[in-house]
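See below for the structure under consideration.
To keep things simple, chains are lettered A, B and C as they appear, and every chain counts its residues starting from 1.
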Amino acid sequence: MTKPPPHRTIAVVLAAGLGTRMRSRLPKVLHPICGRPMLAYVLDAAREATGQRPLVVYSPATAQIRDVFADEADFALQDQPRGTGDAVRVALSSLDDGATNLLVLNGDKPLLVAAPLRSLMQRQMDATAAMTLTTFVVSSNSPWGRVDFGPDGQAERIVERKDDPGRAELSAFHANAGIYAFDLAWLRGAVPRVEPSSASGELYLTQLVEIACKDGCPVATIDATDAAESLAHVKDRGDLARASALLAERIRSGHVQAGVTIQDARSAFIDDTVEIAEDVTLEPNVTLKGVTRIGRDSVIKSGSYVVDSVIGERCTIWGSVIEDSVVEDDARVGPFSHLRPGAHIGAGAEIGNFAEIKKASLGPGTKQHHFSYIGDAQVGARVNIGAGTITANYDGQRKHATRIGDDAFIGSDTILRAPVEIGQGAITGAGSVVTRDVPPDKLAVGMPARIRERRPPPDAPERVATASDTPAPPEDVG
Amino acid sequence: MTKPPPHRTIAVVLAAGLGTRMRSRLPKVLHPICGRPMLAYVLDAAREATGQRPLVVYSPATAQIRDVFADEADFALQDQPRGTGDAVRVALSSLDDGATNLLVLNGDKPLLVAAPLRSLMQRQMDATAAMTLTTFVVSSNSPWGRVDFGPDGQAERIVERKDDPGRAELSAFHANAGIYAFDLAWLRGAVPRVEPSSASGELYLTQLVEIACKDGCPVATIDATDAAESLAHVKDRGDLARASALLAERIRSGHVQAGVTIQDARSAFIDDTVEIAEDVTLEPNVTLKGVTRIGRDSVIKSGSYVVDSVIGERCTIWGSVIEDSVVEDDARVGPFSHLRPGAHIGAGAEIGNFAEIKKASLGPGTKQHHFSYIGDAQVGARVNIGAGTITANYDGQRKHATRIGDDAFIGSDTILRAPVEIGQGAITGAGSVVTRDVPPDKLAVGMPARIRERRPPPDAPERVATASDTPAPPEDVG
Amino acid sequence: MTKPPPHRTIAVVLAAGLGTRMRSRLPKVLHPICGRPMLAYVLDAAREATGQRPLVVYSPATAQIRDVFADEADFALQDQPRGTGDAVRVALSSLDDGATNLLVLNGDKPLLVAAPLRSLMQRQMDATAAMTLTTFVVSSNSPWGRVDFGPDGQAERIVERKDDPGRAELSAFHANAGIYAFDLAWLRGAVPRVEPSSASGELYLTQLVEIACKDGCPVATIDATDAAESLAHVKDRGDLARASALLAERIRSGHVQAGVTIQDARSAFIDDTVEIAEDVTLEPNVTLKGVTRIGRDSVIKSGSYVVDSVIGERCTIWGSVIEDSVVEDDARVGPFSHLRPGAHIGAGAEIGNFAEIKKASLGPGTKQHHFSYIGDAQVGARVNIGAGTITANYDGQRKHATRIGDDAFIGSDTILRAPVEIGQGAITGAGSVVTRDVPPDKLAVGMPARIRERRPPPDAPERVATASDTPAPPEDVG
């Protein structure tokens, strides 16, 4: 026995059609599903099955695809929409040497996984076939093309529904899933022989079945009925919605089996790119998007919407929007707060309601309980930020920074006109407008604020000024 | 052949019952479904099928109906709850001349559409029948009345479940859908012959089948099994919930097929009265109510609740409540903002978080990024509204207006005591309380605010005052 | 005939297993479902069926159970995880005298109700059996243990799936639901005879069937197929999610049939502990948790999250979070407001958007329409609380109280430095910082605020000061 030649299979993914039934200007395969473009899932499955970088056939109408997936695939341009047979012809001219087999599949199958592709490749090799079709059993009223088998059980041709009046008499049939394996050498010879359809003038890949039969070359089939869900393609937005629902369910099930409590599966919206640790609880109506990680024992309560953020362990996030931010262990946020990009919330910090934080770090144990805006700021540990506090960070031309030292006490309705620094242990009076730096352990009061001594001094037990005729620095940590 | 006389069919909609199984003081047919009272859908179907204004039979207990639908139907009052037969008697006395046929149906069928009514009318005319019944096939344990056919295949009577012990032996039967067509001339003679039920003393419409048979008049039937979903009636709140879910699904499917991306069908709550353009994206958990329109390419993100409002093209609405307002093209709102009735947001304007706007217009490009309240105001273009800004529009007795010119700069925590006008290009200092008009290009600072020159002057590159010992107008556009 | 001896049945609930397939450190039976630990539902069913306090068998790994249910059950500690047979042995040693029968069931069946337990107890008594098994019919691929019946129709043994290769040939079989009744006297003698499983070394309760048969004692069965849903047990988080969904649906259906309108069943999240009156409307996406009551005719609009609170009649709650608070009749709250623990909202009061209230009572008709924070306060009737108002209730060491009299007028951006009292009918100027009490009908303006006369006096029609050069008290009730 001689050793068989090494096989190398490249997946060709067809994505030249805009998908007019989607009624959209966005190419169909770029429509997002659970946080990623539809095509991403197909490329994942193709790459996982073949171990090779896939080749995507695109068209001028779908040129955006090339930009989006530049790092993940090779590309071949089909200039004219001349059908799937023509698309494969284009792919052949772009293939490098060394491939022995091709997988050909459409880019509109976001539910596809590697397993049926692997089975198909294996079948193709076992049968040393010219081509292998993936089939699955459907009921007679299904719109899929039917695989017509000859007396010897070999597939002889694909019969489209409109050419198949006898189909209604069947109770079920083997449908062509539109996922093929080809012997590359044979394919190079066969593709030029595909003839244009008399109806549309396009070249159809399915004609290759008849060409192989004419040549006496083996055409194999493999049944993938048990993976039928993964074979569905998306033609219109109804299909898109169904595929999204199925994929979302797959993602949720994975998390649940890994130890996440999802109180209401139907309202947990989790992107494919999200990681969630064990013993995390998701209340109903939670959205987790993008590159987001949730740490162990955290609770994400209703109405939360977290994008591209890292949440630590034992955190509570409630009804808040968090974008491109970090929340460290044991912190809590919400309800009704908004961490805008660049917020960094320290361990054990407490963000209450109606708080807005942008490009700002808050140290461990710091409290921002009420309505207030902290932007472009570095805030130390154990700081109290009073209700109504505003970092006035913009002078009409540029943004300026605010720094607040550890243990500082920012009184209600304080305006911090940046650039400004509040020293460690300093206090600002309620309603003050702070326009100059406040040294450590001093008190700033008034509008504009003037600097005074704290009375009693910081080391006394009664650490907050209560002078009767000056605005004292009452606080409202809530 | 003589030309048949012109037909004119009037729909009589029975709505005299309060619907006690609903456990509500609101008449059953006024319970809302997808933003409209249940009866509205029935009247739509009736009007569309007949081309005529329907006639609604109501009762003292359901008199509210008359107010709600005054413009859409004629009305006849059934004084006493004496059954469906009596209700039709009342209707007959209110009909104007010229009608040749009647459709009779109950008002508690919100899923009804015109198609089965049209088929019924056609069948009635084709059969020149005294009356025509709509039937549909149900399984033997169904509670519906059963149509009993004679040996000649003509309906002979309706057998209610309690009088129909043999029903259990059937596997299925033809149910009476409770939707009838009548020859009006025949009906006028037949209705007085209906006799009270021995059990309830009420007059039942179904008795007319037997009367017609006794007279030897043809009783036709038409099968509407393929429209069975639309025949369901609402008896209790469980039925109401099911009907609502089905109608909601119809509405959503319509939008999806028309090119709207609905990321999660189960949490898109869209009234029957809403219009959505192509390529709009709805994230999960979005409510669109009343007379609302969403323009092309807009994205409605999670948590948004839009009522009676117009949203332009390419807008982003996020987690905000918008009532009776207009948002122009390219504007964005939210998360956590509230447009109360009468807000008008200009093209490209940016409303951030915790912003409240009421009876106020904001010009193109204006920014209100943070917590603040703008009410009873006209705000120009490219204005910056600082965090904490408040239009103090109420003096305890009346509301007063605020006007802000183009390119003005409203400092953080400014209070604008209305009536007041801020001139074009003017600036208010952080924390200022503005009680008098500010001329164009001036600076107002302090509490109460005094007018100063802007330093440097407005045409200088450094346009914002920075005088060291006065509260400068720092801003926080965020 | 002699009178049968009085029966007394005690339910033994097995809860010694941690439930490792849950992948959690929390004991399985403590995982919450619809607001209560899973075990609570089982104890309810057991108590309702037997009329007796149940006995829970726990282990060192599940010792938390004892703390959580201290008031609701008796407890027996199983030191070592030696199987269900051993658990019953432990239970027997803890039982007081006087019981004649035992119910034995697992604590991981949260859907259980009293009815099948009652049927089981009745069957046990009617049959004067040694033990009675609850069975239900399942299809052949079910993982449940199969009850093997002898030629006389008596159960002879339980065959686990792995020992039951012939099962696949059956189309269906009687499964052992794992809920048993025992004659206590017989059980005391039989339990010591259970032998360790050769595979695991554990003692299995199911062996008692064979022991009874060997003894010639009657083993009865009762079929509970019609209650099959209630027999499901929770092994992993997938089961937990399914049980939660079913229980949630039961709870919702109960409310709907009692006259509550739930606009979208799938997004109404209602704990088992919530009471809702007739003619209440729940919009989509509403969460009602803990000991919460909603009064008649109230409307709970989308996004509301109510915990441990009482809402009166004819209230409107919109998109707000309410914790441990009371809202009286005809009040409205929201959208985007937060009642923190201890808020008490008077009849007809109006809480608008971005309002935060904590440990504070607001009198009837009081308005807090905009962003503001009221904490540790008593607010009278018909008070207007301006936008931006802050009760500065914390001095860095202690919380202090604020009192506001009836008909007072709190200007926009007022800071109330507690402890402080605003007299009846008093007014605070916009932007004022109030550090001392304001007598009735006086005006406080400035920072710190000084007391002035209201001009014109309070009994004049024009009641609000308008002095041209002082900050007047403009208001923004919105």
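Worth a mention:
Here, a contact is a pair of C-beta atoms (placed from the backbone, for glycine too) under 8 Å apart; a residue touches a chain by one contact, two chains touch by 3 or more.
Computed from a prediction, not measured in an experiment: that's the story for all the values here.
Graph distance from chain A to chain C, where chains that touch are one step apart, equals 1. The pairing of chain A with chain B is characterised as different-residue: of all residue numbers used at this interface, under half are used by both copies.
Note: Cα superposition of chain B onto chain C, rotation of 120 degrees, nearest 5. In whole angstrom, the spacing between the mean C-alpha positions of chain A and chain B is 34.
Multi-chain contact residues of chain C, defined as those touching 2 or more other chains: 266-267, 285, 303, 336, 354, 371, 388, 413, 431, 447. Residues 22-26, 31, 236-238, 240-241, 244-245, 248, 266-267, 269, 285, 287, 303, 305, 321, 336, 338, 340, 354, 356, 358, 371, 373, 375, 388, 390-397, 400, 413, 415, 417-418, 431, 433, 435, 447-448 of chain A are the ones that touch chain B when the two sit in their complex. On chain C, the positions that touch chain B within their shared complex are 253, 256-267, 278-279, 283-285, 301-303, 318-319, 335-336, 352-354, 370-371, 384, 386-388, 409, 411-413, 430-431, 446-447, 462-464, 466, 469-478.
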